[in-house]
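In this document, chain identifiers A, B, C and D correspond to the written order of the chains, with residue numbering beginning at 1 in each.
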Amino acid sequence: MRSSTESVAFDTKAREKAADTFGMWVFIGSEAMLFGAILLVFLIARISYGTAFAAASQRLSLPLGTLNTAVLLTSSFAMVLAHTFTASRRWRPAVWALICTSLLGIVFLFVKAVEYGREFKEGLAPVLGAPFSFTGPDPTHAEFFFALYFAMTSLHALHLICGVAVIAGMLLLWPGTTEASRTHRVQAIGLYWHFVDIVWVFLFPVLYLINR
Amino acid sequence: MSFGIPFTPPEASSIAGSVDMLFYTLLAFTAALGIFLASLVVFYAIKYRAGSKAERTGERARSLPLEVAWTVASLLIAFVIFGWGAALFLRREHPPLDALEIAGLGKQWMWEFRHPGGQREINELHVPVGKTVIVSLASQDVIHSFFVPAFRVKQDAVPGRTTHVWFIADEPGRYHLFCAQYCGTQHSEMGGWVTAMPPEDYAAWLGNQGKGDTLAADGEKLFRALGCSGCHEKSSKVRAPDLAGIFGRPVALENQQTVVADERYLRDSILEPKKEIAAGYDPVMPSFDGIVDEGEMQMLLAYLKSLSPRAATRNEATQ
Amino acid sequence: MSHIRKLIVAYLGLLALLALTVGSSFLDLGGLNSALNLAIAAAKAAIIATLFMHLTSEGILPRLAVAATGLWLAVLFGLTLIGQ
Amino acid sequence: MSTEALRPSSYLGEGAGPAAWLLTTDHKRVAWLYLMSLTAFFFLGGAFAVLMRVELATPAGDLVSDDTYNRLFSLHGIIMVWFFLVPSIPATLGNFLLPLMIGARDLAFPRLNLASWYVFILGSAFALASVLAGGVDTGWTFYTPLSTLYANGFVSMAALGVFIVGFSTIMTGINFIVTIHTLRAPGLTWFRLPIFVWTMYATALVMVLATPVLAASLILIVLERVFGIGIFNPALGGDPLLFQHLFWFYSHPAVYIMILPGMGVVSEVLPCFSRRPLFGYKAVALSSMAIAVFGFLVWGHHMFVSGQSAYAGVLFSFLSFCVAIPSAIKVFNWSLTLRKGEITFETPMLYALFFLALFTFGGLAGLFLAALAIDVHVHDTYFVVAHFHYIMVGGMVTAYMAGLHFWWPKLTGRMYSETWGRIAATVTFLGFNLTFFPQFVLGFIGMPRRYHTYPPEFQFWHVLSSAGAVVLAFGYLMPLFYLGWSMFRGPRAPANPWGATGLEWQTASPPPPHNFDTMPSVSRPAYDYAMKGLQHETFSPHKDEA
């Protein structure tokens, strides 16, 4: 009777799935509070030092940022395809969609790394004692902007790294898993992935698009 | 009667009595409610102990009228206490006119005070009895807190902004001055004494102190030394606002807004001139962040305030 | 496969919104720029949540979680800004 | 636990050896893992407290140096709050009882539950490492810029430890919320749930929504210290008060994490030993939710004199008074529960009554603090220290002891010594008041907190407090011994030694691995104690469903 469920706690598959989904959403709510708190810090600084932040924001690379947003949106699309395919038990396309998702995640991280590299070279990274040289009107608060930029984007990148790692792990274990557990996992990791995408959807305009 | 054991702090300021009044009222309420609840519980515990012959039949274990009654009663009592506390608290916002303003600077781990006449003291504060004293507080490093239990006043000194606390000492004496906000290794040693003395004695005491310049005069020297006067003097080639009478005056800003030039505005104008640009001027003033330390800031502020003699006394304490 | 078609439309919509934000940021709308950017971000989030994450089709509980989070974020932002 | 062979049908006898325990996903065993770790942390934190009290017996700083003293109270606070009190009841009794009380085989995510313990241990490793390396000197509040730019202790390590432990809290919270929503037995509607379950739900809500904000503020501290990303640095335009907002946005609700479960325990114990239904069940249930929700609106009351705007202060004060009302409702309902009961005074009942007294008193002291003008005077003095120890130690720890004794037979299948239990409860109560009552006086006469040395006129009260701490130490050491003894030698406990209602008492003591031999269903309200005049069988197992 319990064979179709993963956990001893449940009698039926349907109940377990509902519980899993709900659990994932509660977790996402919790993560949203994490990013929300940091966004609040940003918002307050932005209100106080608007001009400095606008000037500093100009120094970020808009093309790379836009590219990355598109990459991440595409990865989300691939993820939802993976989910759709698993739901209709089309395993092969599902695996390909998952591979795409994680590759796009890696592309995002790579582009982000390129951006970081650029910012370090231009002396825009007030991190690890690296020299900071900003030639705008208000370097102190521009530095503050970059501090927040690095804090926020690195936290987001960390989440993405976790996502990529989990997908990779899932793909490695793929052949040995039951069909039921596959749908199960794709669904859970999918929710997480989309959430990380949503976070970026907010970070992008907030950081890159201050009065171009 | 108390064998040298303290039960209450001295009441040595104009507000101490009214704060204590609230405190003791609340204490009486707590005691009354505590005794009532304790007797109730003990009474039930005895009456309804297992094996007693008390009557136990009837009644379900709920009662809407009772729930409503105690909820409403608690709410009403709570609102009364809230209102009373808030009314007393808001007096902090409105110090009486004609105050003596002393600059207090907290740093790890001492309090440094400068009287308007320039007299400087460390971990000691002399104040006249019967006169409003405003201490404007700044911090050089971490958060400290100015605390004089006998006056029932406390205010944090926060790096990067100026805060205020005011009191009127009404009983001559020596009272503890503490730093109440944990600030590192010697937090418990950061403090000393506040000496409240009759105004004549205070004047005499001031006279006996080293003949330092006034705070404002020091500020004026700085104003020249730092090159402020180079721009802000009337004869200057740079077009910069005339700072005479600036303090307390509304200032029109470039972005159509108007702000009152309070201490926060002056401080920001010096440290972050780009933040609020006065209307009609170019944003050419350099930032003095990192050049002016907190002590110097207090001198500059004293000088700028001294340029508007009427406003300087009508001080808005705290923000 | 109308389901997949719906997803494709959603995806293209997301990209269009992206173009819209980037484009609008080159116009000088004063304070409206930020508001518009945030509104577009919210729209994108809504698309992802409803169509990719099936927020509205998995029973009441997920919506409950999202509503609670929204409320709490509002408290965090609201009361902190008052305190400033 | 026991060396003797247990009935194989019990969860304790299911498999022995470290691996069977360390890799278990049985919520009952995970509860034990937590219980062991938390007990260790409690005594560690207690040892720091005792050292502090000894130091404070004299005005001069003669026992330890100032830096050491600062580390003592910082570690005491950090350990007691995050490594003991926040997880205390939820992770031990909650873990053990939640599935039993709602008639489930386990929590919704058994593996997540075990993982949360490992995350807890990982966090502890960081915290202990920072203790061994030399400690932290920021206070448990980590205020910036002291913690970011000036403190010279091992701040990042400790902050990381707290950060990681936060995740174990969040995992527990998610697990509880989902479990309560999805795994209630047939017929167990929301208003038939025991109050303990309600309080677990309210607690979990706070855990899930508040803890991430703490995590965010700790990340920012660590980024600043380790990577030099200065976000609270005033020199960059960072605002030290903003850190306080974030910290208290978490920490005020967190104090309700640290009291709601205690309220839940007491709501079980009082009816049981009064043989009466809980008075005003619905009011008590809903007030738990009210505390959890409104608890998020009052954090600014820790910042009345910090320089936040006076009007924000007034608003926060007003809301603080509002949040006191649900607690008031509970206190009155608990008191009336005794009415017309048939009261007996076993150890759990004694603890519960002591809880009632101490919590009420501590809560009323909270009203003093919420009243603005008084807080200006007593903020950051021992008055505050007394307030929160009355609630956290007098309230929550006492409730924890009540719960531990109440469910001990269920946890171990053994009875403890009733005599010793009553002695320990009484000693704790007396020692507690001797320790912390003098601190109210100290605070009122102006003794600031976190002081290594103090003016000599305060000494009298400090000596009383230090003496009390010794008594208190005995009060807490006693249970360690008699409970430990009972674990192996105590007489066997029946399934329902107290004659209590609640599903957890319908299964064997200790319960079988999957909790119930036949899955229960429910058709009666909670606290269905037989009242005189109404004769019915109260707690017969409902064996209807297959």
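Before moving on, here are some points about what is shown:
Note that a contact is a pair of C-beta atoms (placed from the backbone, for glycine too) under 8 Å apart; a residue touches a chain by one contact, two chains touch by 3 or more.
Since we're looking at a predicted model, the values are computed, not measured.
Distances between chain centres, each the mean of the C-alpha atoms, put B farthest from subunit C.
In whole angstrom, the spacing between the mean C-alpha positions of subunit B and subunit D is 35. Rounded to whole angstrom, the centroid-to-centroid distance between subunit B and subunit C, based on C-alpha atoms, equals 43 Å. Subunit A and subunit C have CA centres that are 15 Å apart. Those residues of subunit A in touch with two or more other chains are numbered 18, 22, 26, 29-30, 32-33, 36-37, 40, 44, 48-49, 140-141. Contacts with at least two other chains are made by residues 181, 209, 213, 235, 237, 239, 241-242, 249, 309 of subunit D. In subunit B, 272, 289 are the positions where the chain touches two or more neighbouring chains simultaneously. Contact topology of the protein chains: irregular, matching none of line, ring, star or complete. Residues 25, 99, 104-112, 170, 173-175, 177-179, 181-183, 208-213, 215-217, 219-220, 223, 227-231, 235-239, 242, 246, 249, 514 of subunit D are the ones touching subunit A in the complex. Taken in their complex, subunit A has these residues touching subunit D: 7-10, 15, 18-19, 22-23, 26-27, 29-38, 40-41, 44-45, 48-49, 126-129, 140-141, 143-144, 147-148, 150-151, 155. Residues 18, 21-22, 25-26, 28-30, 32-33, 36-37, 40, 43-44, 62, 66, 69-70, 73-74, 76-77, 79-81, 84, 190-191, 194-195, 197-198, 201-202, 204-206, 209-212 of subunit A are the ones that touch subunit C when the two sit in their complex. The part of subunit B that touches subunit A in the complex is made up of residues 272, 274-275, 283, 287, 289. Within the complex, the subunit A residues that touch subunit B are 48-49, 51-52, 137-138, 140-141.
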